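Have a look at the structure below, then the notes.
In order of appearance the chains are A, B, C and D, and numbering begins at 1 in each one.
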Amino acid sequence: MSSTNNTEIEKIEDTSLVSDTEKSLSDSISKKFPNVQITYVNPNRIRVNVKREEIIDVASFIRDELHFDHAESVSGVDYPEDNQVEVVYHLGSYTDPSLSKQILALATRTPREDIPHPGNDNTKLPSLYDVFPSVSFHERECFEMLGVYFEGNPDNRRLLLPEDWADIPPLRKDFAIKGR
Amino acid sequence: MSVIAPKFRLGYLLKGIIDNALWILVIATLIAIPAIQIILIYIDLPVIDGILWDPFRTLDAITHPERALPLVKAFMQTDLFKVVAFPGFGFAALIAAAVIFVERKMLAKLQLRVGPFYCGKVEGILQLMADGLKLISKEIIIPAKADKPIFWAAPVLFAATAAAFVALIPVAPGWVVADIDLGLLAVFAVIGFFPIITILSAWSANSKFPFIGGIRALYQMVSFEIPLILSVLGIVLLTGTLDLVDIIESQANFPWIIFMPIGAIVFFICILAELERIPFDLPEAESEIVAGWLTEFSGMMYGLVQLGSYLKLYAFAALFVVLFLGGWNGPLIVPTFPAEIINEGIVLMPDALVIKDIPGLPLFSQEMINGTVWFLLKTVGVIFFILLPRGVFPRVRIDLLLHIGWYKLIILAFVNIFIALGLVYGGIIGPGGIL
Amino acid sequence: MSERILPGLQLEKVDDRIMTLNVGPQHPGSGHMRIILKVDGDYIVHCDPDPGYVHRGEEKMAEYRNYITNIPHLERPVIHDSCNILYPYCLGVEELLGLEVPERAKYLRVIAAELNRCVYTQYWLGIYGIFLGHSTMFMWPVGDRELFIDLLEKMTGARVTHSYFVPGGIRNDVPPNFEDVCLRHVNYFEKRIKEYADVFYDNPILISRTKDTGILSREDAIKLGTTGSVLRASGVDFDIRKKEPYDVYEEMDFDTNVLKEGDSYARSKIPWLDMFQSCRIIRDALQKMPKSGSVRVKLKPNPRGGDTEVYRRVESGRGTLGMHIVSKGKPQPYRLKMSVGSFRNLIAMPHLLTGEKLGNLPPVYWSLNYWPVEADR
Amino acid sequence: MGTASGIIRALNSGIKHIATKRFTLRYPEQKLKFAGDGYQYDPTSGVGIAGYKGRHILYHDKCTGCNLCSIACEDIAEAIAMPKVDEQWKHNKKAIMPQIDYGKCVFCGLCVDACPFYALYMTNDYELSSFTKEGLIYTPAQLQVKPQVQQDAEIQIDERGAKHG
């Protein structure tokens, strides 16, 4: 995320709305994992960018130490100009009442190929299925919609698209809708 | 309001009607009338009251009702009339049709809606006829890999078995199609056919959902037949007979439901299960197994099964009335016929030249009409309580259903038998009892 | 990755004992989806939900339309709950564009959202009733739903697809004497839904049918990330309206319903109990609402968001409904992801149905509060 | 005994409801009454006026042929086309006016919001069915007609239940 650096500084400076919870959460993550980039800390929302090698460790830390226990959504975003696909896990917590407002966006990126071959090309990420079992169907959807193969997910079959879909993954930016 | 199809023309309709009438006329004169003539040569004409009824006399009787009366009375004594019209199929089918209409309207009322409304102008009274026409005109689709002879035969067998069941029910004194000494046993023999037909049709359809539905129906009917039989054993013990007519006559003073309400409740619940009605309509549970064993039926095959199941409903309700509510017994509410009607008849058209009066009326005795009225009133009451659960209960699950059948109802049926035994050996009722 | 997993059709080995049942897509008890069941006698040994029959690519379509013209499209996944599905979108776009919603619009939004929740729940309840063979429980809720559809139609001008919420407020103010009609209908509606207890919720046959079927424990409910009524029936007190109040829900007087059992009965009872709370909220909002004022902020023709992203969530009829909107400084969103309750509850379905009896399929399936069209988007 | 009493309560509730009023709206004989004359929009304040979103009505004396409704519809339903009309207006030199295909329209009313000249509103008319697809396309001349509607049924609530009357 090259362009968000400016806004990040702005938002962190505007600390009037941000409560102590968010700051302590982001501090504990950055203390434990110095490579992790905290993109922004907004009221109730934190976003961290991690490398794909590190994501399982960071996710386990978030689950065990910070008590985020489920994933609300797994949204993939295609960035053709960076030649990358980003996957954002929105994590929430049911068990800890003080965290129920919080959403922690855990973002990671994977290289993108111009001629995708879902499952057999370089666009792969380690699955968070062992950490958060609630991501199972979300990752299946992400696989078919953006062609990101999740290694370790026991079920990587197609979910929403028809069985005979032979085009590129439809949520890639180079899949254009006819007439638009 | 729906609009008539845009290509409609009155002229085409009239032309079609006239064409059809013309063809009927041509075929009648060229084929039907000679055929009747030929047949008349070979059949034996009936002799009633010492008079030979040739076709000319029959035609003559149409203009002279007093001469037709013996013929009608003689016809009403034949088995054909009993089977086709009064206590048999026609009567039952009429009641079944009424039950379908009442069920739909009552359910609609309970659910705060209108129900059939437009067909037939008055509250949708002709809706059933429209549905029947629709079913008749629909294409019958047979699954490609079905066992075709059995698949065809199943709906016919179902309706026929239900009609056979109807034949065993005595409606009024002397008015029963099949008056046999072991009437109750015959009833259970006929009921025993339904699961066989169900599983045959389910197997022959060669499809998964009918198969599951058929197996369910088999389980359900077999497990509920045993409490059904056990629950009426008390009455058999008390009356010492299996003849349905004798059972009715034994209830001249009080119905058996007073002494064995438990048996009546068990019998009623078993009726609901045997009829596959809500809350026990598991063989047709549409959210699990589409339509159960009826899934592959289409058109009039489905219609026949529906007709059969409503005939069965009437027959079971009537059986309940016969066994527990005293059948045709009831106070005399039909007024006695004036003597001059019986002796001299009603004066029809006093100014007419030909007909003055018809002696020998009425066709039915007062006793018989009274019995039929009571029987119908009680049957309608029982049918109301069979229909009502459809509005207020959900469906049960198969394991709960079998649990109810095998554990609870059988135990209750045995309790009922012990009550009956107590009544017999306590000397209260039964052979040589106080009452 | 030596073994390549092919997407799509796969042939499977057939066992003598095991029968494969395709419940759906042409099945009266499936909705717009297919559940591939393997049954051993009356027991389900394997369950594989197969959604996607009504996938419309809403997320892709949203990338090609600007923030206003997205409105009629985005409410299509759940037309019975169309106000609630637009709610997180409007909140998110307001955050992106920095809009402040007028006070009266906030109250009217809450009223519309609660009316819509009841409309959705009544429809859901009707289908739940007919799934269990209770035809009265189909006709009553669908009939009584008409009261609120009438109110929403007076309010928004359409019976189901309202297109009522816009970024910056609502489309139009309510007609005069709406408050009286609303109060009358809400009171009668509350009286009616109380009567459902006799024939449905307190009916011993229903209780024996659905109690102790498809039990989802508290730990599993959290682990599988379920939401809404499914989560609250498993004993987790989580309602976005309480936990992260949006608009004026903070000032509203209502409770969340939590049951401990986690079975189909509890799951089906929670939405019904929630309707009473919705009636409370509507009455409260009608009382506290400012009597006049603006209801909409005027927008520029093609508003552009900054170079940022938002994630906003609301409590819909089926649970948490979140929208992740990524903006790249264009009039269109760069990416819009809907995280819907139906899809999240679907994850629990194989877990719940495996080992159940076939007769428990309808109550377990529909008590998950699953709306196929919303899950497919 | 809870089971028995529950069953009796259910049966009792069913019998009680047989005597309750029927709620059904008998549609072709009765038609539901709507608030106002249809959805309208005030471009100066930027807020709509509540009303039913039915068939549109086009005021030829106000339409300038500015295409804004067509542009608004482009991303939604593509239902609005701008054909030439055979009329002379000082404010409409191009003589083009919206023509709406009701086979595509979703009745969202965003075209009404887009019109800055008070020319395009919506009405209470919703009976638009036609035997042909062409019959669903309403030309500017057809859109000009004010619909004749007789809608007077309302939900009435009393002690014995609710009904449409």
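Just so it is clear, a contact is a pair of C-beta atoms (placed from the backbone, for glycine too) under 8 Å apart; a residue touches a chain by one contact, two chains touch by 3 or more.
Note that the coordinates shown come from a computational prediction; the quantities given were computed from them, not determined experimentally.
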Contact tally winner between A-C and B-C is A-C
So the chain most remote from chain D by C-alpha centre is B
Judged by C-alpha centres, the chain sitting nearest the middle of the protein is C
So, in whole Å, the Cα centroid of chain A is separated from that of chain B by 68
Chain centres from averaged Cα atoms put chain A and chain C apart, in whole Å, by 24
Whole-angstrom distance, CA centroid of chain B to CA centroid of chain C, is 48
Between the Cα centroids of chain A and chain D the separation in whole angstrom comes to 43
Residues of chain B that touch at least two other chains are 110-113, 391-393
Residue numbers in chain A touching two or more further chains are none
Where chain C touches two or more other chains at once, the residues are 64, 136, 143, 199, 203, 205
Pairs of chains in contact here are A-C, B-C, B-D, C-D
Interface with chain D, chain B side, in the complex: residues 1, 6, 106, 108-114, 117, 388-389, 391-393
Residue set of chain D touching chain C in the complex reads 2-3, 6-7, 9-10, 12-14, 23-25, 32, 34-36, 38-39, 41, 45-53, 72, 74-77, 106-110, 113, 122, 155, 157, 162
Within the complex, chain C is touched by chain A residues 3-4, 7, 44-45, 47, 69-73, 75, 77-78, 88, 90, 94-95, 100-101, 103, 105, 118-120, 132-138, 141, 144-145, 151, 156-165, 170-171, 175, 177, 180
Within their complex, chain C touches chain A through residues 1, 4-5, 7-10, 50-52, 55, 57, 59-61, 64, 222-225, 227, 231, 236, 238, 243-244, 306-311, 313, 320, 322, 324, 326, 334-335, 337, 339, 343-344, 346-347, 376-377
In the complex, chain B touches chain C at residues 107, 110-113, 208-209, 212, 278-279, 281-282, 285-291, 390-400
